[in-house]
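What follows is a short report on a single structure.
Just so it is clear, A, B, C and D label the chains in written order, and each chain counts residues from 1 on its own.
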Amino acid sequence: MITVGIIGAGRIGKVHTQSITTKVPNATIKTIADPFMNKDTEKWAKSMGIKNTTKDYKEILKDKEIQAVLICSSTDTHSKISMEAIKAGKHVFCEKPIDHDVKKIKAVMDCLKKNPKIKYQVGFNRRFDHNFEAVRDAVKAGKIGKPQLIKITSRDPAPPGIDYIKVSGGIFLDMMIHDFDMVRYLAGCNATEVYANGAVLVDPAIGKAGDIDTAIVTLKMENGALAVIDNSRKAVYGYDQRAEVFGSKGMVMNANDSQSNIVIANECGVTGEKPLLFFLERYMDAYAKEVKCFIDAIEKKTNTPLGVMDGLQPVLMGLAAKKSLKEHRPVKLSEIKF
Amino acid sequence: MITVGIIGAGRIGKVHTQSITTKVPNATIKTIADPFMNKDTEKWAKSMGIKNTTKDYKEILKDKEIQAVLICSSTDTHSKISMEAIKAGKHVFCEKPIDHDVKKIKAVMDCLKKNPKIKYQVGFNRRFDHNFEAVRDAVKAGKIGKPQLIKITSRDPAPPGIDYIKVSGGIFLDMMIHDFDMVRYLAGCNATEVYANGAVLVDPAIGKAGDIDTAIVTLKMENGALAVIDNSRKAVYGYDQRAEVFGSKGMVMNANDSQSNIVIANECGVTGEKPLLFFLERYMDAYAKEVKCFIDAIEKKTNTPLGVMDGLQPVLMGLAAKKSLKEHRPVKLSEIKF
Amino acid sequence: MITVGIIGAGRIGKVHTQSITTKVPNATIKTIADPFMNKDTEKWAKSMGIKNTTKDYKEILKDKEIQAVLICSSTDTHSKISMEAIKAGKHVFCEKPIDHDVKKIKAVMDCLKKNPKIKYQVGFNRRFDHNFEAVRDAVKAGKIGKPQLIKITSRDPAPPGIDYIKVSGGIFLDMMIHDFDMVRYLAGCNATEVYANGAVLVDPAIGKAGDIDTAIVTLKMENGALAVIDNSRKAVYGYDQRAEVFGSKGMVMNANDSQSNIVIANECGVTGEKPLLFFLERYMDAYAKEVKCFIDAIEKKTNTPLGVMDGLQPVLMGLAAKKSLKEHRPVKLSEIKF
Amino acid sequence: MITVGIIGAGRIGKVHTQSITTKVPNATIKTIADPFMNKDTEKWAKSMGIKNTTKDYKEILKDKEIQAVLICSSTDTHSKISMEAIKAGKHVFCEKPIDHDVKKIKAVMDCLKKNPKIKYQVGFNRRFDHNFEAVRDAVKAGKIGKPQLIKITSRDPAPPGIDYIKVSGGIFLDMMIHDFDMVRYLAGCNATEVYANGAVLVDPAIGKAGDIDTAIVTLKMENGALAVIDNSRKAVYGYDQRAEVFGSKGMVMNANDSQSNIVIANECGVTGEKPLLFFLERYMDAYAKEVKCFIDAIEKKTNTPLGVMDGLQPVLMGLAAKKSLKEHRPVKLSEIKF
């Protein structure tokens, strides 16, 4: 049984709390910290069976009973708290991204080198989705031969608010970062070069805020495969999350999940359900599974499925895409300094 | 090159004429006969490259150049013309059913026994559909093991007129007769017992005319498999033609054909096209293929794919179903005398 | 918060325990009883956070804190414990079937009439499956018009052991009973007549044990619709659970669930995953949902979604099917006395 | 009735001949010309009902009865014969591409300007495929709103011989040229910029011949949409031809066609058929339809569905893609001079 502390009681902190409470039998949450801790959150924490609540996450770091922390606070605090937690001897599950600044990720990497027993995992939840796992398993098992073309479609049902867009780091670091991780996961290697096309087609306000809302990015992978990712901030039919890997012996692709598998045939056609609405619906089981894997890695003293390098690479890819869009040319990953 | 005559220039006669003209290179139509032959039909016949038109089908039977006839006249003339043609030494393709009266089918059988060189084929076109052929091929190849359950769905887009219903012989002999043939084709054997459920759910006028419009019929097959056929005279989404064969090693089933394979995803769901509208759309290629097989059997002196026995059995099954519905009990095929 | 006791710690008792512990926040299990209670089960119960374990279910009935019981014991005890629990003032969730003997179900009904405040629910879990709920919702919303044809496919991946078959009550009461419930759920009414076809095609030992392993049953429903259910004890491709409702305005049907939605295209074809293996995989969420509905009905003082009449009707249908198979004729539900 | 001549009796010349003979009732072929005309081809021409055969296509151009020609000769002769035919007053259906050299296309355009009554159509057959037509119809009808992302997948079952590769003009002008036409068709506008990724992943011999066999090309369209095309010379599962258009109100995409719509479920999964093998299987009906549209345009004196500009643009796009790959940067269409 691993005793954990949760740092951050926002949406994703609550998701992880619920996962651990109901689906991770070998972990127990002792304390949850949030600078905005209030009566409601305290009440919710009690209902989840958590003993302690606090406004100060440092109480968690000081608590010798707590072996691991989940960092679910705002992005700008991820790297700082990561380092403090590592130094305090806690295993760390850190929500993505570790930071938008590669220097700060580098600092976490250095810190981990000095504390080699610490398990560190980054929260790229989509790797734990049953569909993407099945795609990856098929690739890994050689069922499609050597990968040659990788295609990822990732479209949100609706854009976030403009206030969020402004501080998001832009579509490449905020949204496509998940797809950068996914393309590495499916290819089994890093990207070497990125070329980005972008446009403002959903909402002019997003353009005014300095961002784009529609993008097609092509990549070259270390293993020679070519890849393409398309993103839109707004798919009216719901959260569209698909991948396809084509290789020398075949092709594997997934369909979206829906609430049910029914179809209705009538005078208008044969209609099935839309994809599940958004990430909380599509990835709820994946969120539980990633935390379970983290806890298991601590218990079994194995590697976590995604280390700090897996946190770094998608940020490098996102920065390369930004640079590519700005300079209107393909950008090598090696051009991004860290 | 086989020279043929077409007897009957109604809808199905025209279908076969077009098939032979455009898709059966080893046959040529010399003459087309129809008691209602008129200027329009003559014009159409010329446009199809047919030399002769006549009101009297006996001209075809007398013509020594003509080797084969397609009997596309009204059902009540099928057996009579079949026998005349056989006696005249013509190979015969006869539209289904040969007759609703088994004695008349028996007479055709006797006639064929005396003329063993004559090729005789009955027009159960669905066996030549690419989907049902693929289902049958999978069964025959042993891909699903020994058949145990056979399910056939057959629903028309709209009922025929009440005048037609009155002379149709009833749903079992008019509509389900195709499915009785299909279940024999898929099982590879005859039925031994039939139990019929029926109801008037589409149009009370059909009930008033002494028929039903909705039916579920279960069957026992000689090979031990159980089967079920469901029929409706009105499926608002189009012509629904599906089969499923379940066996000891697996299951095979087909989906309907549509005009295209597109899907549109929007706020209402993910919508594909309806099935093709009706038999002329769904089975156009099958109509051509059945005639091609008939011509090939003549040329290559092989058996036709469906002989007179294949014309008889579905009629026996239909009569058994009628009796079952009337007497409200399972009826053995052996109870139907012929 | 409703305090419950679990009677029976076998497979299904454990399923419900886990559901309540992890997915039913408004219920808590105080005690679990099982005549074969042992160290392992006690240890498991502790791990689930259950305070008390006992060999004697009467301890639960006596416990005034316990408001509701889940009867997960062997079928022959369901009706007896139901009545004892009702008399003890406990709300009752009883696994299906209440009994194979309609008199005993009648006794439970009488008992409930005398205790009108008691909530009683029967465990037909499939109604809570996301796919069948969606089919039912479409029918209820009028999306397919008036139901005319209902088709249910229900095939197990492998037959149970012969020892189980012998005491199972036969395929109609043991396996098809779920489909009898489903057809009532989808039609929104009772059946009036049943005709059963059966065969031994999977394993001769099942026939020797006096049962069949393959069946097609047709039904007439009170609303005029015709229905058909097919069952096989062995589908090599997994648990096949499909329903189709056809009506005056369209058709709705569901597909099976799989572990993932991937397809692999290679030289052999385009292959998707098999259906989920069996009921624990397919219906795990449905099991949780049915218990949640039971607990909610107690809390909110509403009707349970399935009352004792819903427990009775499928047994009547099963007995009618048995009689039909034996007497080789259609049997009216009204012929089954109770 | 339009009288036509066929210039070139190779594979595609034979396809068009068969289409006209069997599926285009308002056209008749008088003469077929081929420099390698021989006994076999003459015999085949007779079997198609064609009166004249010749080695010299100029006989066709001189024949006053012939109103239209189909140019099915080798690519290097397309523009020259186009101009000769136009000058001879014949309507022209020219196989794609008109030429790889834009100057020669320009010359055809100039020639057409001087002969405004001549109908000219380029053979981009895929526009006439039932699936792509349905995608385009949905877009045109506004069903997906304003197009934002267009994705085209186009993969051949096997690469052509190296000798062909050497003279093909390269993957962009030989294979992707169809997709360049498709993206214009689906977007309803021209491209403005192209960026090409390419690799040799199928066969090193293709690389040695100076070509690539795998490509991902991204495009910007005049209407603001972004597009991506992926090509592979070898998909082991068959001819993969899919398109997807995503817009402000939804998404439309097509699936491949197969020989049948069956699926087989067994212990290995649920397997459907592979896509149809190659272009002759997938596009046979489309080939007939494009010629039918050409003949109809002549008869009805309307525009052909694809004019000479539709022949030019994909060549410009292919040349831009070539330049992009070579110079490793995005290339504007306006950089390609003509």
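To be clear about the criterion, a contact is a pair of C-beta atoms (placed from the backbone, for glycine too) under 8 Å apart; a residue touches a chain by one contact, two chains touch by 3 or more.
Quick caveat, the model's predicted, so the values are computed rather than measured.
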Lowest number of touching-chain links that must be crossed from subunit B to subunit C: 1
Neighbouring chains shared between subunit C and subunit D, ordered by label: A, B
Most distant chain from subunit B by Cα centroid: A
Whole-Å gap separating subunit A and subunit B, where each centre is the average of the chain's CA atoms: 58
Centre-of-Cα separation between subunit D and subunit A, whole angstrom: 42
Interchain centroid distance [CA atoms averaged], subunit A/subunit C, Å: 40
Multi-partner residues of subunit D (each touching 2 or more other chains): 235-237, 240, 249-251, 265-267, 273
Footprint of subunit A on subunit B - complex, ascending: 235-238, 240, 265-275
Contact set on subunit D toward subunit A in their complex: 145-146, 148-149, 151, 153, 155, 195, 197-199, 201-202, 214-216, 218, 220, 224-228, 230, 232, 234-237, 240, 246, 248-251, 328-330
Subunit A contact footprint on subunit C (complex, rising order): 22-23, 25, 47, 130-131, 133-135, 138, 143-144, 249-257, 259-267, 273
